[in-house]
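Per-chain numbering from 1; labels A, B and C assigned in written order.
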Amino acid sequence: MKDAFIAFQRCGKHYGSHVVLEKLNASVQEGEFVTMVGTSGCGKSTFLKMLLGTETQTTGKLLFNGQPIVAEPSEDRGVVFQKYSVFPHLSVRDNVALGREFAESPLLGKLFGQKRRQALAEADQWLEAVGLAAARDKYPHELSGGMQQRLAIAQALIKHPKVLLLDEPFGALDPGIRKDMHALILKLWKENNLTIFMVTHDLQEAFYLGTRLWVFDWPQHEAQDSDQHGATITFDLPIEQRDELQASDLEFPENESPVLMEVA
Amino acid sequence: MKHTFTSALAAAAILGSLFSPAALAKDNFKICWSIYVGWMPWEYGDTSGIVDKWADKYDIDIEVVQINDYVESINQYTAGEFDGCAMTNMDALTIPAASGVDSTALIVGDFSNGNDAIILKDKTSLAGIKGQSVNLVELSVSHYLLARGLESVGLSEKDISVINTSDADMVAAFTTDDVTAVTTWNPLVSEITAMPASHSVFDSSQIPGEIIDTLMVNTETLKENPKLGKALVGAWYEIMAGMESDKSVREHMGKASGTDLSGYESQLASTKMFYQAEDAVEFVNSDSLKQTMEYVAEFSFDHGLLGEGAPDAGFIGIETPSGVFGDESNVKLRFDPAFMAMAAEGKL
Amino acid sequence: MKRIINLRPSRPLAVALGIVPFILILMLYSWGSDLRKAENERDKLLPSFTEIQKAVDRMAFTPSKRTGEYLLWQDTKSSLKRLLLGIVIAAMVGLVVGVLTGAIPLAGSHLGALTTVVSMVPPLALLPILFIVFGLGEVSKVVLIVIGITPFLIRDLDQRTRELPQEQLVKAQTLGGSSWQIILRVVLPQVMPRLMDAIRLSLGAAWLFLIAAEAIAATDGLGYRIFLVRRYLAMDVILPYVMWITTLAFLLDWSLIRVSKMIFPWYHTAK
């Protein structure tokens, strides 16, 4: 087995005596699509923040390409939050071009002339890819929720990140729009050889999108309220044949499996 | 919407209080004063009960009110809130008289005899003021003193420029480099002359009897209520007697004005107090008072203080025992020694 | 009958109701003025409209006999110069310090306590010190305005900077932005419209400090004129000056909104 792309080795996170996560052991290969579910407060967002670099594990190791992960957000890990992912004061194009401007203009963070035209042209390609080409001169407040999330994705992808972190990105969208977004994210995942970690509340979505489904929970169910024990990944399900499945085909009666009962 | 309506109601209430016409024959009176060496007797008269005693004697009530802002106290009097107010002869002409409020100097208490001064930095003679900026309270007695001073050395206001400066900040102003000349009054004069390089080059002792501190009373009110005049004058000369003879009275006044006995006595030294009623009567009866008021009227006219409608300095008539200066049909300021004469004769 | 809290005036009614209080005040004033004039025709406390009009003509449209200048415009020019200079300086200081303390935790913990304490100091009480340090000229008047409103602007902008969604700052970092780039391209442009709001809120205080400064030592200015003519109760001059100051303050506030809406359309429509 080749070295893991991302590896958690006995990772834990606690604030003072309050243990949020403990005994996390997992390794992920490049190109996987990991979906994460669990009840509120089970630490899946904290987990995502550790990957993002805004939180640092208290115990254990978190390795990225075999090296300890950089403990602040960086260009190799893109992110899309449920909201506030785009910049309200920039036009759609400028939102996407910003990543290029940061890279090429250290002093002003702003490009001019030929360089700016190049950056905008590249931004246009990504807007094309997410289906926002027509809205490129608008401001974010003129976009619908779904369009804003498309923008946030395009904005992240212009940096060619290896890892894309999605924190309930479609949680606030209407079901119809959500379906379009599913198709989009799968397309982009394949085309750009991304490794995706996605937190969601929607079990169908988790099954449909992921190659791997993680359930976060407290191992000793009785001790759930205790501060002394943290949550961890209690189930790690590989999902096969996703291509043949449609999200609508997945019908899970709520009390059929113990796993599902806990996440529902 | 409702808010603006309530505001309008509040405004109406405030305006309404402005219109309450003052009844002429009455037995409740209010006079006001502000802190100054020559007016501290009113504070003593109020707290010692002397004013109340004399008011009781004539069966009236007199409320003595201290107002922190001198100009505001005169404005309040002019607006009709008070029946009498302590002020200088010049302000009496330019504020109440110019506003058509006929006023009588019931008590002439003192004149400034060095309390007001022109002070220069580094220069030791008044002629050195030429070309400088002078910080002073514009249009006040300081301004008048400056005009008289300039005249005495053959200069005029055109030779200098004036910067209106609040009296409260005059001392601090003089400590800055760009202020080289001030004209002000006591206790500020003694503070400033105590600073290095400052020289008093002209003061009110060089124009004696021109800056006069009085108690002005509404002429009509006084005519209808001679009791008010008698009670106030009676109280005043009882206070004067105590002030002249009793150090503790002066100490009380000094403390009430924010200084101590020696500070107050040094201010008194540059003030010509009329402790005796006869002296005040003699001063008011002299010809020089009319001459002084003519200077004051001319200065006021030159500075537009008599109102835009005034065609000349004599527009407002000023009545003194030695004659009327200006328009006899428009007398609004009167110097009448009658009540002080009663005190001098012991008839109160 | 609906509850009174549910009754809303129609547009023409709302306009009419808005005007009525003003008309009432004018009527009350005119009645009061007549009443006082009946008792003393030279009363100066509530001058008649003709007197006010004459005073306006004298101050605004006739050159002064002494200096040859149109006093109202001269006063307005001087006052606005001081006011705008003070506001611009205060805004720049407030913006720089507020954004730094808001965006950089290290700076925040250092300067936060200081600005909190400084903002409690009543600037008027420090006037003598201001005079000695800055002299009695134009500088100290501008400085008084600056000292008066800068602490508020700093605190407000610090708060507004902290209120920017954390998600945006994280996102900018994942796009490769350095601290400097993020402050320049993400924080600053978003704080600018909030700076306009903060300036509008501090305009009242700025006027107050301006007029206080002009009352203390000046040779011209709107505040200077009011305090000068107050010495002889020239309400016929003071009243139009007060109305003029009110108008200027209103116009300033209005133009700040207009400018902000023009430059930052995303801010005003997104809210």
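Quick note on the criterion: contacts are C-beta pairs under 8 Å (C-beta built on N, C-alpha and C of every residue); 3 or more make two chains touch, one makes a residue touch a chain.
Predicted model only: the values in this text are computed from it and were never measured.
Across the assembly, the mean Cα position most removed from that of chain C is the one of A.
Relative to the centroid of every protein C-alpha atom shown, the closest chain centre, again from C-alpha atoms, is found for C. Chain geometry summary: the mean Cα position of chain B and that of chain C are 37 Å apart.
Chain centres here are Cα means. That of chain A falls 82 Å from that of chain B. Once the centre of each chain is set as its mean CA position, chain A and chain C turn out to be 48 Å apart. Chain A makes touch with chain C in their complex at residues 52, 54, 72-75, 77-79, 81, 83-89, 98-99, 101-103, 106, 108-110, 139-142, 152, 155-156, 159, 161.
For chain C in complex with chain A, the residues that touch the partner chain are 165, 167-168, 170-178, 180-182, 184-186, 189-190, 264-267, 269-270. Per the touch definition, chain B reaches chain C in the complex via residues 1, 4-5, 7-8, 11-12, 15, 18-19, 21, 71, 74-75, 78-79, 91, 94-95, 98-101, 135, 137-140, 161-166, 168-169, 171-173, 175-179, 305, 307-308.
Remark: chain C residues 9, 14, 17-18, 20-21, 24-25, 28-29, 32, 35-36, 39-46, 54-55, 58, 127-128, 131-132, 135-137, 215-219, 224, 227-228, 230-233 touch chain B in the complex.
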